Every structure is written in C-alpha cells, then in structure tokens.
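Note that chain A is present in both complexes that follow, paired respectively with chain B and with chain C.
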Partner chain A sequence: MPNLPMINPQLLSMSPEQVQALMPYFLVCGGTIIALLACVLRVLSPKWPVFLLTLATCAVGICSSIGLLHNGTSVTLFNSMMVSDPFASFFNVLFLASAAITAMISFRYLDREKIQHPEYFVLLLFAAFGMMIMTSATDLVMVFIALELMSLSVYALVGFRRTDRRSNEAAMKYFILGSAASAVMLYGAAMLYGATGSMEIHAILQAIRTTPTLMTPLFTLGVWLVVAGFLFKVASVPFHMWMPDVYEGAPAPVTGFMTTGLKAAAFATFVRVFVSLGYGHALTETIQTHFHNILWVIAVLTMALGNFVALTQTNLKRMLGYSSIAHTGYLLVGLIAGSASDQGYAPMVVYLVAYSVMNLGAFIILTVLASRDDGGLNLPDLAGLSRRHPWLAFSMAVFLFSMAGIPPTAGFAAKYMIFSAGVQAGEIPLVVISVLCSAVSVYYYLRVLVYMYMRDPVGSPAASRMSAWSTVALAAMVAMTLQIGIMPARALSAAKKAVTSL
Partner chain B sequence: MAWFDTNLLSTLVFLPLLWAVIGLAVPAKASRFWAAAGALLTFGLSLLVYSRFQTDGAEFQLMESAEWLPSLGISYTLGIDGISLWLIMLTTFLMPIAIIGSFSAIEQRVKEYYFLLLSLETAMLGAFVSLDIFLFYVFWEAMLIPMYFMIGIWGGKERIYATMKFFLYTLVGSLLMLVAIFYLAYMHKQQFGSYSTLITDLYKLQLEGGTFWTAQSLIFLAFAAAFAVKVPLFPLHTWLPDAHVQAPTAGSVILAAILLKMGGYGFMRIAFPMLPMGVAYFQLAFMVLAAIAIVYGAWVAMVQPDIKKLVAYSSVSHMGYVVLGLFALDPISVSGSYYQMLNHGVSTGALFLLVGMIYERRHTREISAFGGITKVMPLFALVFMIVTLSSVALPGTNGFIGEFMILLGSWKANPGLTAIATTGVIFGAVYMLWMFQRVMFGPVTDHHNEELKDLNFRELAIMTPLIAAIFAMGIYPNFFFSKLNPSIDRMITRTMGKTGFKGLSGVARAATLPESHS
Partner chain C sequence: MDISPFFFYLFGGLAILFSLFVVLKKSPVASAFSLVLVFFSFAAIYAVLGAHLIAALQVLVYAGAIMVLFIFVIMLLNQDVPSFDIARTHVVIRAVAVVATVALFGAFVWVFKNSALPAARGGFSASAIEMAGGNTVVVSELMFNQYILPFEVTSILLLAAMVGAVAIAKRQKSSAEVLREAAANQRKQAGRAAVGGAK
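Then we have the complex of A and B:
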C-alpha cells in the first residue's frame, strides 16, 4: 500500500506567480458568476447587462491570457493538477474569442427566435471556462471534470430552442452519446491509475519511463480508452455519428461555437495528454507503431467519410457538419506528423486557429440568414444571395475558399503547413490521400458559390438584417482569414511558442 | 522614386489589383473605362519593365526579395528572365484588348466583371514573375478564382457545368504539384540543411532518377499533372472545349491566350530544369501524347458545327505543338515552342474576339447559320482572313515561324512523331479554311445576315494591334528571340547538363548548344 499524499496545508497557499498565472481563470470564473447572479436581477430586463458582462469577461480574459502568453512562463498549479503555460494561454485566447463572437452573433438571433434568456450567455461562459481548465489540466481527473463542465453547458445550449423538436433531439442524442464517451474516458483513466498508480499525466510518463515493464496491456487499453473519449469529442470516424444531427439541430450560433471552441479544446487537450503520455518519445516502438497505424487509418477514414458524405448534403448546417468531420481528418494528419517533423504540433495549432476563424465566420452568415427555427438554410435558399447581400456573399466566398484550401486564405496557409509537416514526417501516401480528399471537398464548397453567385434568386426571401455586433464580428473574421492567409508567419511563430511549452 | 525602382515588378503585379479595388467605388457606368485605363497603365508599366531588361544581363533581373515564412524557407522573391518577359508582355498587351472587347457584351454586374478581370491580371503576372515556388503556387491557384466566377456568372447556358469542370480539373492537377513542392522543400533541407522554396535553390537539388519509382520520375509526374491539365495535353483536355465555349468572350481570350501558357511556362521554369531525369524518362511518352493531341485536335475541330468550339479544339492541336517542341528538348524546337505560345496567344485571342463580335450581332455561332458574310461585312472578313491565315501558319505570319521551328527541331529527336505532327499542319489548314469558306463565301443564305453591320471603330481599334503583332512576329522574329534565347539556352543547359540525362538522343545534343540560333 503506497503512502497516499496527505493534503499539506502549504499546498493550499499560493505564491504570487501562481496567482498571476491563474489570473485569466479567476477573471473568467468571477465574470461568469457575476453574470449568473445578474440573471436573477429581474428588476430590469437582464439581457443587456448579462450580454455586456459576457463580452467584458471574455475581453479581460483575453487580455490577461495574452499577457501570460507574452510572459511565456509555465507555472504548475494545485499540486500539479493544472499548468498555466503558453500553450494553455494561447488556446484560452481562442476559446474566449470564439465565445465572445458567438455571444455577439447570438444577441439578435435569440430575440428573433424568441428565446432571449440571459442564461444562454452564462452557459456560453461556463463552456468557455470548462475549455480553459481542460486545456491546462495535467491530471486526468481534472481533465474529466473540465470536460464535463464544458459538455454539460453545451448540451444545454444545443437544446436551447426548447420548442423545436430537432433541437431537443439533438441535445438528447448529444447528451447520451457524450456521456457514454465521457464514461469511456473515465474508465480509461481508472485503468491508467491501475497500471501506473497515478492520474497525473507527468507522473504516468515518469512511471513508464523508469519502469518500461509497466506498459502492460492494461496501460495500453487505458490509453486507448482515453484517446477514444477525445476522438469522440473531435468527431472522428468511427465516433462521428452524433455530429451531423447535433450540428443540424443546435441553434446556428451554438453550432458555430461547437465547431470552433469545442473542437479546438478537444484537440488541444488531446495533444497535451497524448504528448505527455509519451507519444513520440517514451513509448516502446511496438506501441508507438501500433498507435501510429491506427491513427493513420482513422485519419484517412475521417477525411474520406467527411468529404464524400458532405457531397450529398443540401442543408448547409449539415454540410458544414460533415466538412467539420473532414477537417478533423486533416488535423489528425497534423497530429500524426507532429511527433516526427521539426515544426512539431505548431502546424496543427495554426490549422485549428484558421479553421476556427473561417468556420465561425461561415456560421455568422448562417445565423444571419436563418429564418425562424433555423429554416432557410438549404442550398436553394441561397440562390442569388450575391444580388441581395453582396457583402455577405463575398464573405461567405472567402470562408468557403479558405475551407477548400485555395490561396490566399488562412485555410491554404494552414493546409500547406500541415501537409508539409506530413511530408517531412515521411507520410507521403497520407499526404497524397489528404490532398485528394481536399480536392473532393472543393466540389461541395463551390456548389454553395454556384448558388450564391450563378443562379438567380427564387421568390423573395425575407430580408435579413444584420446587427452591428454581427457586422463587426464578420468583418473581423474576414480580415483574419485573409491576414493569416497572406501573412502566415506570425501565426506560425505564435503557435510555435505555444507548443514548445508542451 | 527609389522605392518604385526597386519594386518595379511588385508594382506591375499589384497595380491591376489595386486598380480593381478602387474601381469598386467607381460608378457602374464608368467602370469599363476605369478598367481599360488600368489595363493600359499596366501595359505602359510593362513597357518600362521591358526597357529595363538587359539582354546580356544577369539570369534573373529586377529581383526583389523579402522574407515571408522563414521557418519554412518561403520568401517573396520576384525576378524575370527572357522566358517570363515575353509572357508578361503578352499578358499586359492582351488585357486592354480583352477589356475593351467586352464593352458591349457585358451588361450585367459590370463592376464585378471588371474587378475580376483586373484581379485575374494580377494573378497571372504574379505567376510569371515569381521565383519562389510557393509564391508561384499561390498565384497559380488564385488565378482560378476570378476565372471560375467569370465563366460561371457571365457564361453561356451550360456555364455552371463548364466552370465546375474547369475548376476541379485544374485543382486536382495543382494539388499533386503541391505535394511535389512539399517534397522538394524537404529535400532541400535534407541536402543543404535548410528549407527553401526558392526556384533557383531547388535547381541545385540532386535527386534520384532513371526508373519509374524514383523521386525524379514521380515528382515530375506530379508537376506534369498540373501543367499538362493547364496546357491542356491530350487526354486531359476535355475541360477546355466546355470552358471555352461557355466563357464570355474576354474569358475565352484570356483562357486561351494566357492561362494555357501557364502550363508551358511551368514546364520550362520548374519541371525541366529541376527534374532532368524525370523529363528524360517521360520524354517519349509526352511526345507521343503531343502528336496525338495535334492530330486528334485537328480532326475533332474539323467536324465542329460551332465556330467557337472549332477554335477551342484548334487550341488543343496548337498547344500540342508546344508540348512536342518542348519535350524534343532541342534548342530550336524549344524556342519554337515558346514562340508558338506567343503566337497562339495572339491568333487564338483574335479568333475568339472575332467569334464574339459575330455572336453579338447574330446570337449564334453555328457555322451553318452563316454564309456570304464577305458581302455584308467586308472589313470583318478581311480581319478574319488575316487571323485565319496566321492560325494556319502561312509564311509571313507569326504562326509559320513557331511551327516551322518546332517541326525542324523535333525532327532530330523523333522523325516519326514529327512526321505525324506535320500532318496536323495540313489538317489545320483544312478545318480553318473550310470553316472560313462556309462562313464567308457563297451567297447570303440567311436573311438575318443581310443586315449585319460591319466592324465599328472600337472593334477595329482592338483588332489593329493584334494584326500588327501577327505581321511583326512573322516578319521580324529576331526582335523577340534576341531577348529570349539566352534564357532558353540556360534552361536547356540546366536540363541537359545535369548528370544522367539519357533522353532520346542523349547527352551529345548538349554539345550542339553554342551554335544554336545563329
């Protein structure tokens, strides 16, 4: 019976560095709680105060995270339950920015759908806070708790259109499957504890480094179950079944949030846990090859399935859902290549940022265009959009070209980095397959353009008005898509700074 | 001015784009004049570039370089040699003509149309001046976007099918090239210790070659996939008739005159000098395909009922000569191929403009709908005659020089294929002259044709420079070759001089280089 560590009261006190390193977490958590309290203030209409509080919380969170990113220090917290390092700060910025943009585009949407409840924004903040904790967690229990905080908030957001059946179905489906996936992950964590005697990922790594014999089948199975949990969250084949339905049923802005924040969070944590568990440096060669081969197959299947099924979709939300699966595949290529190329996981991180920007942008447009109950998002509804809303159509074209990986957009720069890392890692067949899959994807992205630009409008759809908030958000996304595409060096160096702390 | 002097090429490349963006604020009625002014200004700037280019100067001139993505060895490097120079001139020369040629044809969404045309010019010029293969790729792909919209929005009935086909064909080819670029940049790191995508750095790579499963052959195939689709080489040509026929006139002109040249340019700038053993390995195969393209294109053109489709298939045939001459790798045939690219740009561009003019008057392009046009439109018939004769390579016109040099040079490499290709010259004369006869001569059979108006001043004004170019290039080709040949020689020396070139006639040919083009 090993000595269980007693809780030392000294561990509960914090040094000034630790307080500083926790600043974004304090600010976001505090802001969330104040926003939650503001919901109860029924004296006034709480929608404005809560909305503005949400934006303010995100803003201060982003500022303090950027400050930490510039500092570049790694601080271990809470008896190695968490670490606040540039990697976490980098992603915190991404999560909070995507939450802020989601809030900005949701404001009018909620009014229009008559579901303007301030709790929506609080749930968004809780989800973002869960993501922040999850990415900085270094203990599997902490990962699990953060994952649940994030997931539960998102389950509620998915079902936020209470009177719509599809929204309810999506929430239910996501909840049941998501819970099963969380359980699988927890089970994996328990097995790792059984195999190595710790839940803390660095301690696990230390254990298998010092005694390689600990890499028993129990250990491998544990790792696989944890990985399966992540593969579910990033929606890779064969754990993708929930995604199209949930994407279609969830309110449009929530779908945008899920494809960006949630996916980025899952991938970031995936990378941290995966690297910390010794992928690419500490595992025995057999286990390493074994992991590599299975991920290789999963990546290929994910890309192929996502792209080919997207070809047949006529609903835009569903199509972007399948396209999101396809992008998971490209990201997995980055993950596979990451351990063997000299750029490390930086290309994958850039890809996550690029993907978040362009996808969030596309969902801003869908949110603006959606009619009641998220109708009017089928391809024919877009016919002649370039006449009705030239700037919306132009922005959408930028995002679609970016998703298709056509220069000079962020999607191209990111694909270039990720695939060139793949070639460096000697994965030429995988890169050729990815490239051909992305050629397939061009067809369905361009089909949207065909409707927007090359067909005449049918009937006279209700003119959708954009709020100033959405306009600002959309302009920012277009600018970033082009900026990362034309000047990718800064994004890459920031990403490199982030991944070196892993 | 100092900034302008050191950034001449950047200014040339981005001026049309800048002009296009400002043009969005110009009222729709004036946007065509605005665009024409921009294109003319760019042409003027290109004359300045021409005057700064020194025939016996450095290999690449007017160089500009800036860091772009240093950790992957990517830089923003521009520069020109003789090979890029004339294609730049061709682009800037044809652009105002294409724009002024669309004045009356484009009535809808005018602003967007000229925006796309000018941004297309930036992409094309960018591809010709890039000395970094990543930058080249960016421009190469960016070119697709305006063309995609031009065919899809202002095209004919089947425009959506045509534009999708065009985009997907070209894209699949380009993506394979992208993988090749990754590999080359990585090999540079392996051999020289750092990443680089600079074209001149990649020339120095030593890659395995000789058999099919070697780096040179596979990488060459990847590049060839991109370039051969663009040229287009049989059997990858099927997107071309669709795209040409559906595109608006200016789209067809630019597609035929400049976009197709990207393929030939890519072979000369990238594939040949970087992968000599790859070229050697596939030399015969490509020459065979080129010969097939020449004859097949001519035969198919012969039976087309639609004038525009006929011209489109004639492009397949003419570009077949270009590929034949390039892969023969003889200094004479390579120069001839390059010259043929310029010729094809001028003649086919002119043909598409003429077809567009008659289409605007009659709203049909069926050969059977015409007859006796000479009587109602004498001036039109005269211009058409000159362009037709240039297209069938009559001595004295530009077409003759190119085809003659290609066939002469290729004869040494492969007499059999050259003989087959030569029959293409005859078939070419047959389909062009037969078409001309049916459209122009005989009695006026259709009463719709009786009232046709002859060329107006604007139309004459855009045809005049083209006709001048046809004769100038036919009568005094040395003006062009003097700036071109040093670069072609360098390219061939690079390709043949590298160890292990075992093409059809081996290394011996390299020895004949100095005495060429006397």
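Then we have the complex of A and C:
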C-alpha cells in the first residue's frame, strides 16, 4: 500500500531563491491589500491614495518581474502548484502594465460617470493578481482558482456603471456564461484527474507517457472540456456570443482591460497548459492531428466571423469587440503554427504584446471621447475629429493602421511574424485565409479614418478634455506601437526568452 | 462496502433529479430548496465514499449556512416573478438545446463506457487515509502543507468576490456625499432634540 504523502518538511520553509522568485506576487498581493485598506480611510475622498497605491503596486510589480526576467531562472514553488519562470515574468509585466494604464485612463472617466469608487482600482489589482497566478500555475486546480479570481473581479468591473442598463446586462451575461465555462473547465480537470490520477500538468503528461493505455476517451474528453473553457475566455467561435454585448456594455476602460489583460492571460495559460500537456511533441500522431484539425477549423471560423461581422458595425466599441474576435483567430494561427516552426510560440507572444498595446491605445481614445454612459462612440460622432483633436486623431490612426497590419506599426511586424511562422509550419492554406481576412479588416479600420479625416463634423460636439494621466498613457502606447513596428527584433528576442522557459 | 454502489446510484440519481428541479422550477424559493436537497445528496455521496469530514462540512457550510442565507435573500427580495419560463424561448433554440443536450449526454455515456474506470488511482484511497489517521488529520495536514497555495489564493478569491459584491450592491454615492449627509442628519437630530426640549 502506498504511504500517503503527509507533511512535506521541504514545504514548511522557503529558500531565498523561492522568496525572490515570488517577489512580484508578494508585492502585488500586499499592494492590493493595502489599497483595499486605503479604501476605507475616513478622509473626504479616498480616491487619490487608492489610485496612487494602485499605480505604485503595478510599478513595483513590473520592476521586480523585469528583474526576474533578466535573471532568467525558473523556480518551482509550492509543491509544483506554480512555477515562476521567464514566461510568467514576461506576462506579469504585460498584465501589470495593462492594469496600470487602465487605472490611469479610468481616473477622470470615473469622475465623469460619477462612479468614482475606490473599489474599482482594487478590483483591477485583484484581476491582475489573478492573471499573474493563472499564467504561473502548473496545476489545474490553481489554474481554475486563479481564473475565478480574475473573472470575478472583471465581472464586477463590467457591471460597475450600475445605473446603466447595458452595463448590468453585460455583467449578468458575462457572469452566467463565464461561470458555465468555468464549470465546464473544472469538469474537464476532474476528468483528467480521474483518467491520470493527477492534476499537475507535467505529472499528467508523465503519466500518459509512461502508461499509454491511460489515454482513454475519458482523457480526451477531459482535455477538450479544459480547452473549451479557455476558448470561451479568449472568445473564439463558437464561444464568442457573449463578447460583443459585454464589450459594449462594460465601461470603456474596462473593455480595454478585457481585450488586453484578460485575453493575454487566457492565451498565456492556454499555451502553458497546452504545451505541458504535450501538444506538438509528446502525444500520439492521431491525437496531434485531431487537435490540429479542430483548432484549424476554429481559427478559420473565428477570423472569418470576427472580420465579416465587424464590417457592419457602427458602434466603435462593438466594432473593436468583433475585431478582437478576429485577432483571437490570428493568435490561434500562431498557436497552431507554434509547434512546427522554429520560432516556437514566440511570434504568438509578440502578437499578444502588439495587440495589447494597440488595442489599449484605441480604448484610451474611446475613453476620452465617450460622452455620458459611453454614448457618442458611433462612427458619425468621430466625423471631423482631426480638426477638433488633431493629436487624438493621429494616435487613433496609428492604432488603426497597426490593427489592420500596415507598416511601420507593431501590428504589421507581429502579423508578419505569425504568418511567416505559419508558412514555415506548412500551414499555407491557413495563412492564405488569414491574409485574406486581414485584407477584409482593412476596410472597417480605414472607414474610421475616413470619418476622422475626411468628413465634416455633425453639429458641434463638445470638446473632450484629457487628463495628464491619459496623455502620458496614450503617448506611451503610440511610442510602443511604433517602436515594436520599427524594431521588432527586441520584442521577439524577449518573447523567445520567455517561451524557451516553458 | 457491498451495498455502497446502491447508495451511490441512489444519491447520485437524487442529486441529478433535484438539480433539474433547481433549473426547471419557476419559483426562486422552490429552486433554492431543491438546491439544498442537491447539497444533501452530495453530502450523502461523500459519506458513501468514506469522506465523512467533507460530508459534514458540506451539510454545515453549504446546506446550512450558505443556503439559509440564499433563501433569506430571496425571501427578503420577495420577488415571485418566474425566474425562467421555457415557453418563452424560441422554438428553434429549444430544439437546438434538446439536441445538444442529448448529444452531449450520449457522448458522455459513450466515453464513460469506453474508459475503464478508474483509469489511474491517486494516492487517496480509503484504506490509505485510514492508515494515516483518518480524514480530518489528512485534510488538515495536506491543506496547510502541500495545498497551501490553493488555500491562500482561495481566500484572496473570496475577498475579491466580497469587494466586487459590495462595489456593485452598495448605494451609489461617493463617500464625500455620505459624510456630508451624515453631518446633515446629525444636525437635524440635534435640532429636533432642541425642539423637543423646548416643549
């Protein structure tokens, strides 16, 4: 009879390396708790302390993550529940940066919408912390708990404009569908445990490798349920139904956060679980082709649906929602090609970064332009923007060019990398379809440009004022979009460093 | 141990039955009470499997504390609006839902029939737990040692859920307004007291 593994003395103490590897998590978690305590300060307005604490937490988290990234070691922690490796650190920087920028652009927005509650920033931090844990988790239990931490915080953020019906509807829809997706994923994890006797992703792979008879239909079904949970979070067809409504109903800065942080977190975890479960190198030929084919179909459907439905949208938030579905499709191309090309998953990671930067940038502009209750974000409202706000119009043009994949922007460099990886992996038909879809997308991105630069303004819309925080955030996003576009090698080498640690 | 499959199927069947009631009952209170029974069936299944601690916790925490709170809230809100009416959904959606459910159920049945269960055993068999000192010892030792991270992150998760619920549910006023109102109320009360004193 096997003895039960009881108290493991190694786990009762932490070595200095482990503490060091956990630093970003400690800092962010501690900062979140302090910010939460600052919410109840009996001063006239707790918004400033909480806001500044949020930024400070993100800043120290980013610094320590960058330190770990340079260090380049991977440390397994907590009975291999999670691992702190360059892949995790890389994405931690992305999550915290996107949380910080979301906080910066939200500050004035919340005042304007009269929903300036300090809990907003705390929830942002909680969501970012959930993403960090999720990307580092190597145990399906941890993946699930972190996913819930992230999702619950985002559900509350989506419904933050409580007096607005659309916001309520979005929060409710997202909550119910998201919970169902989480349940499906948990069921899949339970099946994997039943099939292999472990929840730890490396142990699952090990079990399958040593005893191939464990690869029962139960195992396959479990994997598929887990994958379905991820596909829901990244909003790929056929799990995309929630997305446009949620994107439209959520407060504009939250939508920006969802398209960047949340999507990056889901994709990063997807890649980690997927690679560790042996996609691309360990499983049998049949399973490999089976997975490949289904993902192939999903990628094509996602790109086609996202791009073609986006053509008919006149609300900018909705349009960017559908465009986000389309970008999920391109990212799936990177995922499919990743196992067979020599760049590995690095192009996909670069694409995630580029997409986060340009999309967050676009949502900064939408946040600034939105009138009360996120109105005034339809195409005609943008007419003549170049005359009212030349710099805003210019920045928007940069982001739109980038999303359409036109040089010299980040979007072009990233798309080029993903598609060339696809060609290398022998996925010629898939790449051709992607390029065609992305050609379609040029139409709806450039239509916004036409409105901004070539139409006369209707009436005399009130000029929006930008806070200094938003200006800084916007300038940073424009600079990064151009920087990745002109010098993609640096981003690629950082991404390579990250993915080789997987 | 020989009769345990019978009890497993009995309580499993009851759990499924009451879960269906949760979804299909029109009145929220009836749904909530069905959910209580689902939790009791779960507790019974855990007990059949030999996990007596979990069974007791299930009854205490879920069927007891959480569901009582649930029912309180539903009754306080006093909304007897039917929560779900299948007749209102479109016929195509209904058909698709039925077909999808049957197909999924068929797939699950096929999968479980074709996979020898349990395919792989984890370490936590009933006899091994008995040797290690029983459920309570094993759960407590594992929770604060090997599974400390999920435990801690779960507590953060609950904190985040609480903050989120408060943020959505609380009265939509800035704290400055609340303070100002409290001061005004105090003044009013002081004034009333003064008037009362004069009388």
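Rule of thumb we're sticking to: the second predicted complex is superposed on the first by the 494 of 502 C-alpha atoms of A that agree within 3 Å, B and C clash if a C-alpha of one lies under 4 Å from a C-alpha of the other, contacts with A are read in each partner's own complex, and residues count from 1 in each chain.
FYI, a contact is a pair of C-beta atoms (placed from the backbone, for glycine too) under 8 Å apart; a residue touches a chain by one contact, two chains touch by 3 or more.
No experiment lies behind these values; they were computed from the predicted model shown.
Touch criterion met: A:L36 reaches chain C, while chain B stays clear of it.
Shared-chain residue A:V273: touches no atom of chain B or chain C. In the superposition on chain A, contact of A:L77 is made with chain C only, not with chain B. Applying the stated contact rule after C-alpha superposition, one finds that A:M396 touches neither chain B nor chain C. Judged by the touch definition given at the top, the superposed model places A:L214 against chain C, while chain B stays out of reach.
Once chain A of one complex is fitted onto chain A of the other, the partner contacts of A:M417 are limited to chain B, with no touch recorded for chain C. More residues of chain A are in touch with C than with the other of chain B and chain C.
Of the two partner chains placed by the overlay, only chain C lies in contact with A:V141; chain B stays clear of it.
Of the two partner chains placed by the overlay, only chain B lies in contact with A:I428; chain C stays clear of it.
In the superposition on chain A, A:A195 contacts chain C only, with no contact to chain B. Chain A meets chain B in the complex at residues 343, 401, 406-408, 412, 416-417, 419-420, 422-424, 428, 431-432, 435-436, 438-439, 442-443, 446-447, 449-450, 453-454, 487-489, 492-493, 496. Within the complex formed with chain C, the residues of chain A that make contact are 1-8, 11-12, 29, 36, 44-46, 77-79, 81-82, 114-117, 119-120, 122-123, 126, 129-130, 133, 139, 141-142, 145-146, 148-149, 152-153, 155-157, 159-160, 162-163, 171, 193-198, 207, 211, 214, 216-221. Residue ranges on chain C touching chain A, taken from their complex, read 107-108, 110-112, 114-125, 127-129, 131-132, 138, 141-142, 145-150, 153-154, 156-157, 159-161, 163-168, 170, 172, 174-176, 179.
Contact residues on chain B toward chain A in their complex (touch as defined above): 67-72, 134, 137-138, 141-142, 144-145, 148-149, 152-153, 159-160, 163-164, 167-168, 171-172, 175-176, 178-179, 182-183, 185-186, 189.
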